[in-house]
């Protein structure tokens, strides 16, 4: 995890260009592959609406929560050969929003378990915090220790934050389906924000803008769908409980691969 | 992780039988499924020999180190639906030993990242300590973020103990093979040991016996074999470095499922 | 964390005596120092009674829960110079039991966050599991970031197990006191247990005995006492919730140092 | 850890003002108390110089590394009563730089173990990554398990990143001193940076400025000074090893409390 640091045009003879591979400057695209367990559900639309930033309005109370085991790599090397540096687990919550009549997922909460994933997300506008995600694995052998890969297989997932269980889900696979859970995370609207910390200027952020994630080369495995349960637990501080299910729709299991190397600006809230 | 506690024959009316499901009493068999990356190598036989307990002699300097992502369940329920309780990662080192002219692997070092796995191992005689194992994952989609599943795929693995990198390996798959790495962990010789802590009696352990692990219902996926590298790092306390490679033979990738519910006694060292 | 392994009298010329420093053979005494936050409370005596092993009966429903930041060292070296190896945090729950009319604490649950502490405890009979303990710290400077060390200072503590919050307490210091919380952990009754894993012999443990912990050189700082709150959360598996408070008595803050190098045998349950 | 989200002037009736307590908007000052073990040393000035950003030049090769156990709280509540949310451990490396002939520490590397600390640092310009810091503790009782608080006491500290030991130090206290280690972290120069992620604009960061940390209400305990050793280990990726000691000067132990609620802008690198 190298940092910016060496700036172009700087005459300092000691500055090595190898310092430029900072994770904060993803000039190199990032490639991801992940195993996903997801649950679609309905939440209270009044409460969901309260989580939306300026520029977005709520399309419906339909949410999706994704539990994912990711592995990633940059363009030039086999980062995944040192897996402590290239694997992380993530829980993403998405709301059904719209921007100027265009449906667009919005992420009010997201948890990862690795700092590079946290940072790379934060500069894109994902409001990442640290949390622990656990997902049942299927194995390519019959065993009482694992669900199978097809109809009837049951898989669980859980999120803990700061030693408190926040959410847990169980999905029972029923059939293959042609459709992904909705809302989906490719193309999410995100808020990029960087505050001003000078006294008296805390209300004038240096960056405050609505952007849209751009993914490319998205590949999806066969998608399994089925019944699901989802519990969101009360928590003394965070508001995830406001987005608890009023009804659970479906569960999904699939694998996804994609590349991220661009963003679309939607609007800049720092302009007068 | 429930404990012994409620003893049979105890007349206490408040004792609930639900307390009897202790993990230390595996009357219920344990089922395991795991993804394995392994490396066979040669170490210095003089040094390897020094790690053997009474009753075993060294067959050769060939060792195997296994990096495994496990999931397990008991017989009666779907433990794996709460994966925080049923997944762990493990690094196992095995030496090529023999007991009365019968080849038998012996495990001088093993690290896991979960307490139930630690305890269940310790009562079987696995000398388990806590450590973090990381293994590159293959995904069922083409992606720059992951190796494929076949020839040319490169996978890494690493072990850290107490914040120190202990071992790291890279395996490049070349071809399917009919044979597993050797030595293999099913049928390992283990030392069960429980000390006496009364002063003056520390040299008279309550339990000290050589046993052999019994596995059943072992299932193995197709096995991929290829080239490998393995580095074992120096460490201020532990002696894993004594078992470093003098040459590396081969790397392997496969999935295994098995059930453990029995042990074979070989000899009792507490007898005069 | 070295293991038994090298046995006396073994003629193998490669066996080094340096291998004998196993943590499972504490011939060297262990010295401990810890900062303690504790809460005395009353639980339902019927439920508490159900947790007692053979040989003990319940004296009263009074319990104490201890949250402790430990540091330890052996006799011969400054283990604490590598603090990753010599620090751990612990939550201990104690019941008020008696053995043959002699009051004696009994520990149904204890959680630590380090494997050496887990192992050293297990061979003594502490039913240790892994869990995360957090305790508010006092600092020797006035700051809004910390409670003071005297009257009015408020300190919190919490236990999480497997990503689930299990217990949390707040103590408000009021005055110094001459007495420790009761029951106290020095002199606890413990059950040492090592199972038989051969099929058909699971009910005939190799070791099953009631012992009493012996501590020596116990030193206690001034003890602060005050009001306390304690919450024990429901949990899908473990029975800690059975021992929840029906009333909370007092909170305590103090520092303790002690040495452990002996055990007293009380009774052997493996005898006919 | 709450996020921005509710924006002023937004007419949405569902938006609660409780959402405004985001950690990214520290309108409420942050108060810190920490126990510090520090080592002053000399590194190769050519290598150190290469880590400096625009605007700063190297004053000398003198560095200081700080290992700190922090606890923090906001202005309005006793955050420290839930210590999982208000404690973290940190390793800070500082170089001796100058800005326009004014001496000013610069931080090329800093590691913390908690996400709120990471985020709060990143918006100030601290290049925080996740890492594990361990520090020997003194206790207020004589014990072989702990060094004392005065002359002759030996304390260790260590940093691990991603399961690799990065740095370790031992300090032997000799005498009280009137001076802090140099460079010191109050008043450090920092680079605030927020990238542009739109393709083709990666070289035009949205925020790129040199700032200076402002601390107030700084309180320091008596400072102990003595001999020290420091080892920085090689690492396959990060450049901390470039800043390894060529000679070690002194070690320090003290406690600090301070409040941070302001920043000073030094220069803006985004201006043409």
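Each chain gets a letter, A, B, C and D, in the order it is written, and its residues are counted from 1.
Here is the rule we go by: contacts are C-beta pairs under 8 Å (C-beta built on N, C-alpha and C of every residue); 3 or more make two chains touch, one makes a residue touch a chain.
Not measured: the values here are computed from a predicted model.
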Inset, instruction - Please work out which of A-C and C-D is bridged by more C-beta pairs in contact, and write that pair. - result: C-D
Legend entry - Farthest chain relative to chain D (centres taken as mean CA coordinates): B
Legend entry - Intercentroid distance (Cα basis), chain C paired with chain A, Å: 40
Legend entry - Separation of mean Cα positions, chain D and chain C [Å, integer]: 34
Inset, instruction - Going through chain D residue by residue, note those that touch at least 2 other chains and give them in order. - result: 82, 84, 132, 134, 158, 160, 162-163
Legend entry - In the complex with chain D, residue positions of chain A that touch it: 1-8, 10, 12, 14-16, 19, 24-27, 46-47, 49-54, 82, 84-85, 108, 114-115, 118-119, 122-124, 127, 129-130, 162-163, 191-195, 197-199, 202-203, 206-207, 211, 236-239, 261-265, 269
Inset, instruction - Sort out for me which residues of chain D touch chain C in the complex. - result: 31-35, 69-73, 75, 78, 80-84, 86-87, 132, 134-137, 139-147, 154-158, 160, 168, 170, 219-221, 255-257, 259
Inset, instruction - Give every residue of chain A touching chain C within the complex, in rising order. - result: 132, 134, 158, 160, 162-165
